[in-house]
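See the structures that follow.
In the two complexes below, chain A is the common chain; its partner is chain B in one and chain C in the other.
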Partner chain A sequence: MSEEKAPRILKINVLRFDPNDENDVPHMQTYEVEEAYGMTLFVVLNEIREHQDNSLMFDFVCRAGICGSCSMLVNGRPTLACRTLTSKLDENISLAPLPLFKLIKDLSIYSGEWMRGLNEKLETWIHDKEQEINVDKLEERMEPALADEIYELDRCVECGCCVAACGTIQMKPDFVGAVGLNKVARYHLDPRDKREDEEYYELIGDENGVFGCMSLLGCQDVCPKDLPLQSKIAYLRRMMLTTGLKS
Partner chain B sequence: MKIIYTDVLVIGGGLAGLRVATGVKQRGHDVVVLTLVPPKRSHSAAAQGGMQASLGNCKMGEGDNEDVHFSDTIKGSDWGADQEVARMFVHCAPKAIRELAAWGVPWTRVHRGDHTSVINAQKVVIHEKDEAHGLITARDFGGTKKWRTCYTSDGTGHSMLFAMDNKAHQDKVEIHERLEAMSLIHKDGRCYGAVARNLMSGELVAYIAKATTIATGGYGRIYSVSTNAVICQGMGQAIALETGIATLGNMEAIQFHPTAIVPVGILTTEGCRGDGGVLLDKDGYRFMPDYEPEKKELASRDVVSRRMTEHIRKGKGVKSRYGDHLWLDITILGRAHIEKNLREVKEICENFLGIDPAVDWIPVRPTQHYSMGGIRTKYTGESQTLKSLYSCGEAACWDMHGFNRLGGNSVSETVVSGMLVAEYIADFCDTPESSINIDTSTIETFIHKEKEKIEALLTKEKGEDAYILRRRMEEIMMTKVGIFRNGADLQDAVNELEELHKRSKNIEVFRSKSRAANPALFNAYRTQRMIKLALTVAYGALMRTESRGAHSREDFPMRDDANWLKRTLTSWPDETQTLPSVSYEEITIANMEMPPGFRGYGKDMTDAHPESEIRQKAVDVIREKLESEGATRFEIQNALMPFLDKLPKKYRGTNERLGENV
Partner chain C sequence: MKQKVIDKMPAKLDFIQSATGLVLALFMWGHMFFVSTILLGKDVMYQVTIFFEGYYFFGESYPIIVSILAGAVFFIFIAHAAVAIRKFPSNYKQYTIMKNHIHTFNHGDTKLWFWQIFTGFAMFFLGSVHLYIIMTNAADIGPYASADRIVSDWMWPLYILLLLAVELHGSIGLYRLCVKWGWFEGKDAKASRIKLRRAKYAVTIFFLTLGFLTLAAYIKIGIEHKDHAGERYQMVQSVSQGVKI
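Coming up: the complex of A and B.
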């Protein structure tokens, strides 16, 4: 935005609804905000709440693209609002809560409950028969490249964008989504997790798991962390197919 | 009335809180964690650069051990830290990182052979030993003698938090999300839990527990520009303060991080400088070597932040519409390094500044970052004055950071203090005296009080606007209780904050009247509490007429050990008082392992305490004698300041290192 031009007036159209208010129905509400240099949707929404409508509900925590709290539909596309610069958008901006998650109010969703359910279902932790860790001893060694590879998949922030962009989950609500499959890929890669392929098969070897994915790959398109979801899903599918045929 | 009983209540679901929860759970106690947000969204996730633990695996970390880590931490604290606590911490940091390694954190590892690093703007080749291959590596951070900061790229806190939360799932820790602790329930000097408010439904619930732990992080958001997440509003410290019994320690000790981006205040990790990045002024000139010839950009954070501010005051800052800033240049590190080890930084630069840090310089300036102060506790994490109230992590002041925290010591503290405090709490819960003995009518009184406060906020007429008061508070803190402080500004700040506090009693929630999910309502009550906290910071800073660590008084530039080697304690015993009560706790030199000395930055600005020299001589004599007798470093340490008996038995073991104790 050049210095001389008059700033744009952004029209922010928000899908609002308060499930706690029995008289409320889902409706669009429009706010006008004068654009400023370097403005993000974090700034826009806070400005609206502070100066125009203090009842507007939304979630930000880190406001730095790290925590995954502020995922919402921006012009219909799931993304992290905090790091969305208004300068990259048209002056008419529509905001809606991510679908599929329980709505708290307006743009605020209860994604934590969903993700916790997923983590419990897939047991996304290190499975090691040895219960006692001797913390005085040198740590187990790991190949440096493997550690990097695990970190690559460990970067998921559970923002839920891939879930909102998933075609499969629209039809199969118990589908674990790319977020779930990526986690399985991450633990499968990790030598500290002693689960056998057969055990993973029990978790994802069905239509709510890796065989349910219709390969529309909206997940890959919207992932704010650019996780290699496409290749990991393909890898898991091959691996699970082999395991399924073996057993 | 809804009452939930449990053994241990943990308020806060970040690294410290979750580590306490898994610890007490493993000891067989029930636990409930209350958290504002899903635990994985806690501010712990934003810790980028790493966790200090003296593993000494990588070449530049060779020779590192607890003693070196201890010495760095004490110097860093400007001798404000509790040395026994710091010893406990450095002893347990290797254990905590090894535990996290077993729980799944993909720590970046040592690779045998040669690799290129940037040190003092020069490319150097470093050779890693064969026997270190595959062990956890470390990077350089400010204020440390060795490369000690272990990391996963620059997403260290994220990886740690995810591993920890997953561990909590595995241990079936009960987590109650979107619940805010509104007040602590206490009677006859003992804490019995908290009244919490469900932020989705508005319901008030009493949680009754044998032990209550506050692990809610820092209070950075009382400043207008902070690297902290927006939830770091100090509500844990505030509800402790509002008991009138618990005390807060060193609230005026506020850290400013040298390199947050302008204008939004998002952090770029110290790892940028640790890995070889440099600071430049408006002329592209590298100025830090002029001020700190030895440590340069890697002096302690308080020092670098002051030097940057000084340099800007000399007119060397880059002008921008958001005020003056300086440049952080990491281009010398090369694209491959940035994309592997500083990828969060790269993403932040792309998304918030629209620049590529492999090519462009990053606009930065010192920004509020860390709260050294917090709920004052004993080394066990228990409040000194309110029984069975515990606190750990950034929320607490137990006090290992003194007046300046070293980079990499905070995530490390979260997990170390969590694992220790869990054991002390579990020990307490094992005793008969932990039995819960509080009647429901008392509990009801506490719930009723919160309900009334909320009703008052919603029904008040012609009241104050919380946003206006809050923004003014933030501005006062930023301009008058910042990096450099002086008596006149601090007095102004206290006066005006006191006025804001009085006005805040009259806050009205305009228009938005829902009793359920209502952001205007929680902004209202949080603003009231934040102003009280701001007063403890400003008032403590006004009273402390010396400069120590991050507390820098232009009118009192000396570190005055003779008069100020003590901790500030603030409390709020009477609801009607408009300023906090302040008292002090002496820090005893006589049993210090490392008596106060010169930190090694700029010229020595210490008014020494007469006892420092006496103790130093005693330390030297003991050390010399034992060294001549061939004593081990552990024996010498133990003779100077024993601490092992304070640790839970399971954590007293000697740490293995390559070439030591293996």
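Coming up: the complex of A and C.
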């Protein structure tokens, strides 16, 4: 039988800061954790909190890539910690909170507030223009292919990775980002949403919307749900251009 | 239903940016093929020159045609710069944020963007100098005249930088046009993007190689012709007819 290789000792460098503590300054703290088979960063962080430092703060809910809570910068790259296997990484791992969002403490951020603002700004709900709601009316049928396409875009978990990866939004925080553009594309596809192209143009037809995107495609390359952000942004851009150039 | 009044300007500006960028980038391809004819010999380059001066249409050379062409390109160039300047970091804070982001994120396409901004900025100066000189000295294009300008009039350092800037900027720009508007996206956008990026590198290398070979050819001629700088080229054929002064 071949000898088992000794497990690696991972050096986890965490950027720590408590904005509510006046005496605190952002600083790095290193923890050493013995790697185990199939270990994810979710396991690593819980290991640290349980056995080494219970003051370390970070967010997890589903630990399965569904809730979008555990997004952070792993070696500078935005991603979901619960879906990141340590075996894919070097021994030295740096963790930092996603930039741009409100920092709660250490790796924990308040992305919900930001996402809520975005959803309100872009009105990401069905606008059907019917005056009265008739609960007895049957919903219109939809082609399965179209339903699939909409569902594909609905898979966004609002993790904010695309926001952290976007150079444009770092420089210009009013930009709606790929998450916002993806949502608009989703409602535009939906036949139940009766908004005119001009109304969509009012939402994203400017430098804070689709024309502000500089096509750096950081969003596309980090989205943990692998959404077709590049194609959808290009699609919106074409559509908004036609709307804008129309008389 | 009430008609919405929308501000069409952002759409128009994006269109102008892309359209002028596309025209300039394709023009630069053509331009490179024309100037590189010097590699096929002085006669070929001379014929291309007088072609653009209308010699084959009017039987006589009119450099004013080249002036007008250069003026038109200058106009498009200025329009492009005016619109694209919106994308520059607009203060030191934005610049540092972007620099940090590029540094920590380590992402290929974001780095390409930095180079595009950098080369775009450089071309404000490099491109303007070149275009103005060509526009105002359109008669002084030819195997000797151009080589003299490069060597005896000290244009070669500027041309080296301009060549690097324009080839990087142009091919990155064309790549960005494709991903930005969804051209050549096909069924699998990811696979096509990889192909597009490869094509981009190939185009850059091709035009940089051709460009430097061409520049070297002019420099060689310029050095050989240094003592006669200012003299104009005559085709060998004309010499045999005894036209040479």
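The rule we apply is simple: the second predicted complex is superposed on the first by the 235 of 247 C-alpha atoms of A that agree within 3 Å, B and C clash if a C-alpha of one lies under 4 Å from a C-alpha of the other, contacts with A are read in each partner's own complex, and residues count from 1 in each chain.
Basically, contacts are C-beta pairs under 8 Å (C-beta built on N, C-alpha and C of every residue); 3 or more make two chains touch, one makes a residue touch a chain.
None of the values given here were measured: they were computed from a predicted structure.
Colleague: Applying the touch criterion given at the start, work out whether A:G177 contacts chain B, chain C, both or neither, answering first, second, both or neither.
Modeller: neither
Colleague: Regarding the shared-chain residue A:P97, is it in contact with chain B (first), chain C (second), both, or neither?
Modeller: In the superposition, A:P97 contacts neither chain B nor chain C.
Colleague: For A:S111, select first, second, both or neither according to whether it touches chain B, chain C, the two together, or no partner.
Modeller: first
Colleague: With both complexes superposed on chain A, which partner does A:L138 reach: first (chain B), second (chain C), both or neither?
Modeller: In the superposition, A:L138 contacts chain B only.
Colleague: Counting only touches as set out at the top, which of chain B and chain C does A:D206 meet: first, second, both, neither?
Modeller: Touch partner of A:D206: chain C, not chain B.
Colleague: Using the superposition described at the top, determine whether chain B or chain C touches more residues of chain A.
Modeller: Touched residues of chain A are more numerous for B.
Colleague: One more residue to check, A:G160. First (chain B), second (chain C), both or neither?
Modeller: neither
Colleague: Hey, which residues of chain A end up touching chain B in the complex?
Modeller: Result: residues 18, 20-21, 37-38, 40, 49-50, 53-57, 59-69, 83, 85, 104-105, 108, 110-113, 115-116, 119-120, 123-126, 128, 133, 135-144, 147-148, 150-151, 154-155, 157-158, 187, 190, 192-193 of chain A touch chain B.
Colleague: Which of the residues in chain B end up touching chain A in this complex?
Modeller: Result: residues 37-43, 45-46, 55, 94-99, 101-104, 106-111, 133-137, 152-153, 155, 158-159, 162, 165-167, 169-170, 175, 177-178, 200-202, 229-231, 263-264, 266-267, 321, 340, 344, 347-348, 351-354, 467, 509-512, 514, 516-520, 523, 651, 653-658, 662 of chain B touch chain A.
Colleague: For the complex, which residues does chain A have touching chain C?
Modeller: Its residues touching chain C are 73, 76-77, 165, 167, 170-172, 196, 198-199, 201-202, 205-207, 209, 211, 213-218, 221, 228, 230-231, 234-235, 237-238, 240-241, 243-245.
Colleague: Going by the contact rule at the top, pick out the chain C residues touching chain A in the complex.
Modeller: On the chain C side, the touching residues are 3-4, 6-8, 10-15, 86-87, 89, 94, 97-98, 101-102, 104-107, 109-110, 113, 176, 179-182, 185, 189, 193.
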